[in-house]
Amino acid sequence: MQRVAITHVAQSSGMESKESLMDFTYRVNKEILDKAGLKRREVGCIVAGSADIFHSGLSCANAFDWDGIGAFLKEGSRAEESAFSFIYGCMRILSGRYETVLVTALVKGSENPDNDPITSFYGDPFYLRPVGVNESVVAAMQMRQYLERYGVTEEQCAKVAVKNLGNALFNPYADRKRRVSLEDVMASERVYDPLKALECAPKSDGVVAVLLASEERAKTLSKKPVWLSGYGCSMDHFHPGDRDLLKGQLPAAAQRAYKMAGIDDPGKQIDVAEVCEPYAFQELLWCEHLGFCGEGQGGRWIDSGMPLMDGALPVNPSGGVLATNPYPARGLYRIAEAALQIKEEAGEHQVGKKVRTALAHSTHGFGGQCHSVVILSA
Amino acid sequence: MAKEEHRIVKGQVMVPYEVALGKTWSMFYDFLKEEKIMGKKCPQCSRVLVPPRSFCPRCFEDMDEWVEVSQEGIVETWVYVNMPFFAQELKIPFISAQIRLDGSDTGFIHQVAGIDLTEFEKVREIVKLGGRVKAVWSREKKGNILDIAYFEPVK
Amino acid sequence: MAKEYRTMRNDVTLPYQWALGKTWSRFFDGLKDGRIQGTKCAGCGRVYVPARSFCPVCFTDTTQWVDVKPEGKILTWTLVREKYLGQVQEPPYVVALIQLDGSDCGFSHFIGGFDLSDAGQLKRKLKTGAKVKAVWSPVRNADIRDITCFVPVE
Amino acid sequence: MGNAVAIIGTGQTKHGRRSDVCYPDLVREAVTAALEDAGITLKDIDGIVLGTMPSMMEGVSSTHFYFAEAMGSVGKPVLKVETCGSTGQSIGHCGFFWVASGMADIVLVVGSEKMSEGDGQATMTTVFDPFFQRTFAAGAPGVFTMQSMEWMYRFKIPEEKGREAAARISVSNHDNAMDNPHAHIRTRVTMEDVKNARIITYPVRLLDVCPASDGACAVIFATGEKARKICRKPAWIKGLGFRGEEFFYGESDKAIWMSATEAAAEAYRQAGIRNPLKELDVAEIYNPFTYQEMIFYECFGFCPRGEAPDYVLKGTFLKDGELPCCPSGGTLCSNPIGATGLIRLAEAALQVTGKAGARQVEGAKLALSHAMGGVDQFNGVTIVGSEL
C-alpha cells in the first residue's frame, strides 16, 4: 500500500494581517515551496481549504484562492473545511497518481463578521435560524448538559482556557496572547451562560500550508517526513435536538482513525494531541471521546495535569483554537502543529517528551456536528 | 379557503465584510488619484499586469517593478448590458468591456461610456472589437475603480 | 470596524425564497391552528418535531402524523447575553432544547415569560427537566414564531 | 492508471422549478434514486462527498450540515468539495480519488442546487472581486457574451454564421431534451424561435441561455472489485483532469481557454485518447450558452480552432452525427449548477452502460463529461468507458 507523508509545513501568524487575502495566501505558499526547494510548476496537485461564508464576501472561494495557492493551470480542487482538504490531498497521493500535493487553508477572520452571525447561516431558515441558534448557543447548551450530567465544574472547564492561552505565549504564530488566570476566565462575561467570554475562541486570520508526498518522494524531500497513519471522520444529525449532545460522532471518527493506525490504547500510544476546542469545555469532552480519559472524567483529567505541556499527554501545546481560530483553516493548523511536534520543529512550544505519534482533530458545525481525526507518526 | 400544499418563505441575508486592499492594491488606487494607471511587471515572464499583483500567478515570483501603462487601449471584447438584476451597481444600459491598455499584457475590465447608450444598434456602430478607447477620469477621486469614470471611444 | 490600513466595505445582501415542501408546510399550518405536529417513523417508532418527511435515522419515508403536546421538559438551555449583528432579538434571552411530551427529540425554541435579569429566579425556573409550555403568538404567520416562546410551568 | 474505479449507479431528480419540495428532500430524491439504481443500501456506503455552487446561492451555508440526513451521511465520513460551477466534476473527481486511494470501497457523491430559492445572477456577481471587477459584472450572461464575442472576432467568424450555428445548437439541445424525462425545459424550438427570442446581452438571446433549475444528482463510485461484484455493467473511469486559470477576468485568453484545453488534454492522456472526434462516442458538455458550446468543441479538440460553426452546421454533433453532444439536452435545458457537472458525468455513465433510454446513443462505449466554473476560470473533464 502507498504511504503519504507531510514533508513541510508553513503557517502565518493568526494575528490580524494588513495584507489582502490574496497576498497573505501567497506569502505562506511561497515560503513552503522555498523550504521544500520546489517550483510551483513541479507540484503535482494543489488543494485549497476555505469556506465561502468565511471568505470575505467572495462566493466560490476557490476562484479567488487559485492564484495565491499557486494553482494556475495545475490539477487541483478545494474542500470547504481544511481537514477535508488535507485528507483529500492524501487521497490524491494514495491513489498513486501524484507524488506531491500542496494543501493550503486560508481565511482572514478580521475581514468577516463575528463567528456567531456567520455560524447562524449553518441553520436552516425555518426552524433553527429564527430562534437564534448558532454555534455558541449550541455549545453553551452542550456545556450545561456536560456540567449537569457528570458533575464537571465550571472551574475545571475554565482551566482549559488558562492552559491553552498559557501555551500560546510560547507560540509565535498564536493570535490571542495573554496570560489569564482561572479568576480572569471565571470573571469574564457569561456571554452564553454558562459559557464565558474567555472560554470562546476569537476569530483569527490564518494561512497554513502542508506539503504532502508519496513515500519515495518524501524521503528525498525531507529528512524527517511525518507519516499519515490513521484517519477517521463522522457526521452527526443536523438538528441538535435529534442528538445526545454529549455522545456525538467523535468516538466513531476516532475509532476509525485508531483502527487504521493500529491504536488500541490511545491514552498511552498517543504522545501529543492538537484538539479543536472553539469552546473550552469541548476540549475535555473531546478528550473523553478520543479515549484519553473515561466518560465524565474530563474534569479530573485536567485536574490531573495530564494534558499540560509537561504532562503525560499534552493537549494543544500550540494554544489550540482558543488562542488562534482561523475558522475553516483551524483543522489544518492542528495537523500542521501535530506534524511540527513529531519533527521536533515546534520551537518554544515543543513538548518535553519524545513525540512518535500525534493526534490532530478538527470539528465544525453545531456542537461538533462533524469531526475528523488524523493520526500522524514518525 | 383551501390551503396551498406547499409554500415559499421569503427572506434576505445581509453579511457585511471589510476587506483589506494590501500594499499593492492600495498603491494602485493612490496612483489612480494622480490619474496614472500603473501595472506591475514580472521579473521572469516580463508580463505587465493591470490590475497589479504583488506576485505573478504564473511564475509565482514577487513583482516589485511598477510600470505606468497607457490610458488608451484596444477593446478586446465588450457586452451591452440592458438587464437589471439585484444589487446592480451601474445603471442600465451600460457597457462592460475588456480593454488591453497599451503597454500591458492583460485585459482590464471597465465600462465604455461617454456616448449615447440608449440604442444598441447605434452603439455598435461606435463601439467595436479592436476599436480604441481612452480613460476619462472622475473629477472627485474616491479611491475605487470608478476614479476612472469610464473609457470613451477614440474618434 | 475602523482600521488603520486601507480596506473596502464588501456587503453582501441577497434575497431568498425558500420552499417549505409538503411536510413543513403542513407543520406550519398546524402551528397557525395552534397544533404542534410531529411525524412518526414506522420503523423505529420515534416521533420527530418538527415533522420530517423521512426518518433521520432509518432514511425511510414517514407517513404517520401525530399531535404532540404544546408542553414538555427542558433538556438544556443557555442564556444569551452576547450581542451580534442580525440577531433575532435583543439579548438577554434564553434558547433551549425542549422535549415535547409525546416526541422523541429536542425542539429548539426560546424560553421566556419572566424577568431574566433576576439570577435567583433564573436558576429556580430553568432547571433541566423542568416543565415548560408553549405561549402562542396573538398574530400567526404559519412560521416558527407562531409560538412566542415557552414558559416555565410552576 | 493505478486502482480501477467505476460508477455503479446514478440518480437524478426531475429538474426544474421544484418549489414542491424543501431542499433536503430534493437531495434525498437523487440519493434514493442512485441507491436504487446501484441496487445497494446506505449501509454499503463508506463515504459521502457533497458539493453545491457557492454556499450562499440558497442562503444556507455549509450545506453538508443541513443535508446530513438527506444524503444519508449520519455516522459516516463526509467530504465537502466545491469549485463553483465546476463543482459537479470536482466532486466526481473526489469520489474517484477516495475510492482509488484505497480508503473506501464505495463512495456516494451528491451535487445539488435549488436556484429558485436565491437570485442566481446576484449571487454570481459575488464571485467577482470587490476591488476591481464586480462593479462591471453583469452575471453569467455578461461574461459569456464577452467571451463569445472575443472568440468570433479572433477567428473571424462572421456574425451571421455564428448566429446560425448557435441557433442550431439551441434547437438540437431542445430536441434532445424531449427524450430526457429529467430535463427542466422540454419544448421544441425552431431556428426562427431562437433568432427572434428576446435579447439578453447581444448577440445572446433567451433561447441561447440555460434556465435556472432546481435539481440534484447522485453518483456512486466503487472499486473495480466491488463494481464487478455488484454491478452488471459498470462505467469505468478512464481519465480526468481539472484546470483553473487566473482569478481576474481578462488576464488569460478566453478565446483559446487554456483551462478547458488542458483539462481535456490531461483526461485524454490518461484515457489514451489521441483523436477525440473519432474515438469518443458521445460528449456531455457543460453548455450554459450556445456560443460557448462551440468554444468547448475547439478546446476539446473536436475540431480546429475557429471551425466549430462549420462542424455544427454540417451536423457533426447531432445525435446521429459523428460525435453526438449533449443527447440529454445538456445544461442548456437544465442547470441546477452544483449538480450540473455531475449530471454530465451521470449521463455519460448512462450512455456507456446502455442505460440512457430514449436519449441513448447507439453503441456508445467511450464518453466525455465536463463542467466549467468561476468567471470562465475552471474546467473539469471526466472520461468514462464501457471497458476498463
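Order of writing sets the chain letters: A, B, C and D. Residues in each chain are counted from 1.
The rule is simple: a contact is a pair of C-beta atoms (placed from the backbone, for glycine too) under 8 Å apart; a residue touches a chain by one contact, two chains touch by 3 or more.
Only a predicted model underlies this, so the values are computations on that prediction, with no experimental measurement involved.
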Between A-B and A-C, flag the pair that has more C-beta pairs in contact. A-C
Measuring centre to centre, with centres taken as mean CA positions, what chain is farthest from subunit C? B
Whole-Å distance, subunit C centre to subunit D centre, using C-alpha means? 39
Where subunit A and subunit D are represented by their mean Cα positions, the distance between them in whole Å: 34
What are the residue numbers in subunit A that touch two or more other chains? 18, 20, 22, 53, 56-58, 66-67, 72-73, 111, 113, 117-118, 121, 125-126, 237-238
Out of subunit D, which residues touch more than one other chain, so two or more? 19-21, 56, 59, 68-69, 74, 119, 122-123, 126, 130-131, 246-247
Multi-chain contact residues (two or more partners), subunit C: 5, 7-8, 10-12, 14-22, 24, 28, 56, 85-86, 143
Determine the shape of the graph in which chains are vertices and touching pairs are edges (line, ring, star, complete, other). complete
Contacts from subunit B onto subunit C in the complex sit at residues 3-22, 25-26, 29, 86-87, 143-144
Using the touch definition up top, name the residues of subunit B that touch subunit D in the complex. 5-6, 8, 11, 13, 15, 19, 21, 25, 49, 51, 57-58, 76-83, 85-90, 94, 96-98, 106-111, 120, 124, 129-130, 144-146
Touch list for subunit A against partner subunit D, complex: 1-2, 20, 22, 51-53, 57-64, 66-67, 71-81, 84, 87-88, 90-97, 118, 121-125, 231-238, 249, 252-253, 256, 364-366, 369-370
Residues of subunit C defined as touching subunit A within the complex: 5, 7, 10-12, 16, 18, 20, 24, 28, 48, 50, 56, 75-82, 84-89, 93, 95-97, 99, 105-110, 128, 143-145
Please give the residue numbers of subunit B that touch subunit A in the complex, ascending. 9, 11, 13, 15-25, 53-55, 57-60, 62
